[in-house]
Amino acid sequence: MVVTIRLFARLREIAGASELRRELPEPATAGTAWAALAAEFPPLADYATAVSCAVNEEYARFGAALQDGDEVAFLPPVSGG
Amino acid sequence: MVVTIRLFARLREIAGASELRRELPEPATAGTAWAALAAEFPPLADYATAVSCAVNEEYARFGAALQDGDEVAFLPPVSGG
Amino acid sequence: MTGSPLNATAAAELVADDGNGAIVTFVGVVRDGNAGRRVLWLDYEAYAPLAVKAFARIAGEAAERWPSVRLAIQHRTGRVDIGEPSVVIAAAAPHRAEAFAASRFAIERIKQIAPIWKHEHFEGGEVWIEGATADPHDTAARDTAFERAWS
Amino acid sequence: MTGSPLNATAAAELVADDGNGAIVTFVGVVRDGNAGRRVLWLDYEAYAPLAVKAFARIAGEAAERWPSVRLAIQHRTGRVDIGEPSVVIAAAAPHRAEAFAASRFAIERIKQIAPIWKHEHFEGGEVWIEGATADPHDTAARDTAFERAWS
């Protein structure tokens, strides 16, 4: 399956892109998408315990299953306000 | 001595005036001014335990001594805000 | 103290400062109902020079507790219609906790010690609202205001 | 979420209502210093559609706790200079306690779960500010926000 990956703030800088399209072996979860990304961009590993994810513009667990065409976003710790 | 008495809200309505000048026997306090006023306008007695006073635009105790020409104000319970 | 419409934006601008990260503005607005009565409007009477001194005292009490806070207080006199502001308090501080606390403290304290009276005009009559016996030296009342603001 | 200057007055007008006696407006302003650094400006990045949903969730949580409260939330994206508002929260309620609480709750909760990031430009460099790991289902975090708002 192919998913769109959205990255923000420092994660975006590490990957050098705010949006990536990646092919993932099925069945895939948000967690496997993150693992693939961390393999491609090793400095992302610093965020392993602090990152949040969203699937199709809703917060999700890393165990959430992905479907072909989904948008999965990875969010470093937030600092709004 | 002669003092100016200022009255507000319901107290003003009871006395029918926002400002009165009254002669008081010396030595006088805010408390004796109030007693004289309550004798003149008996419904003021309802406020005996709830009234506050100010002398020359500063909050004062009822035991505060008055001087000739002072302004003494009597304040019913407040409701600003 | 003013007989003209209050301006929350102006109050907030008075306390703004490049070192302040939080501005909390409290606006008290005349409601259309109170204690089951249909309110038409309020008339505010005040002992204005003493009210201004009471506001200064409140700002001083707040500054003693939260030294970094800047406070502005505006209060209406005269007729105030439904939906119009009767009181505006702006509190600015480097951090939000102090700004919230000082703003809340100020409105609690105004209700305790500001020599201001609401004359409520409702459908079928009118009544003077009488709340607290004003005593700025009553430390228990002051401490109650601090507790409501910060606990 | 907007790249244009925020307007606290407009936010307050959105929540005003003839039955509401209290409007509390919180304005978060960019400060000139942070952690000993001289801040020049902030750049706010956001995952805008999720941020809007997070604000709706926050309003829903507040409404569950304080049913009479009306809440409006505005947040900037892009460059925000010193002294400019980055966030505006207006909370209106019949009585002041709920308006203060809902406003405070909303800013605490925004800092916990809104997908927004500060890129701080300071004298000598720049840094991403990273606060809380966003997890809207973390009930302990939500309860901390409730406690800060109302205790």
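Labels for the chains are A, B, C and D, by order of writing; each one numbers its residues from 1.
In this section, a residue touches a chain if its C-beta (ideal position, glycine included) is under 8 Å from a C-beta of that chain, and two chains touch if they have at least 3 such contacts.
Note that the structure is a prediction, hence the values are computed from the model and not measured.
Novice: In the absence of chain D, which chains stay connected to one another through touching?
Specialist: Connectivity check, chain D excluded: A | B, C.
Novice: With chain centres defined as mean CA positions, report which chain is farthest from chain D.
Specialist: If we average the C-alpha coordinates per chain, B ends up farthest from chain D.
Novice: So the centre of each chain is just the mean of its C-alpha atoms; given that, what is the distance between chain A and chain C in Å?
Specialist: Distance between chain centres: 49 Å.
Novice: Can you compute the centre-to-centre distance for chain A and chain B, using the mean CA position of each chain? Integer Å is fine.
Specialist: Each chain reduced to its C-alpha mean, chain A and chain B end up 74 Å apart.
Novice: Just curious, how far off is chain D from chain A if you go by their C-alpha centres, in Å?
Specialist: 25
Novice: Listing for chain C: what residues touch at least two other chains?
Specialist: Within chain C, residues 28, 107 contact more than one other chain.
Novice: Can you list every residue of chain B that touches 2 or more other chains, as numbers and ranges?
Specialist: Not one residue in chain B touches at least two other chains.
Novice: Return all touching chain pairs.
Specialist: Chain pairs that touch: A-D, B-C, C-D.
Novice: Where on chain C does chain D make contact in their complex?
Specialist: Against chain D, the touching part of chain C is residues 8-9, 12, 16, 18-33, 82-83, 94, 96-97, 99-100, 103-104, 107, 148, 151.
Novice: Spell out the residues on chain A that touch chain D in their complex, using ranges where they run on.
Specialist: 6, 8-10, 12-13, 50-52, 54, 57-59, 73, 75-81
Novice: Can you list the residues on chain D that touch chain A in the complex?
Specialist: Within the complex, chain D contacts chain A at residues 28, 44-47, 49-51, 53, 75, 86-87, 107, 110-119, 128-137.
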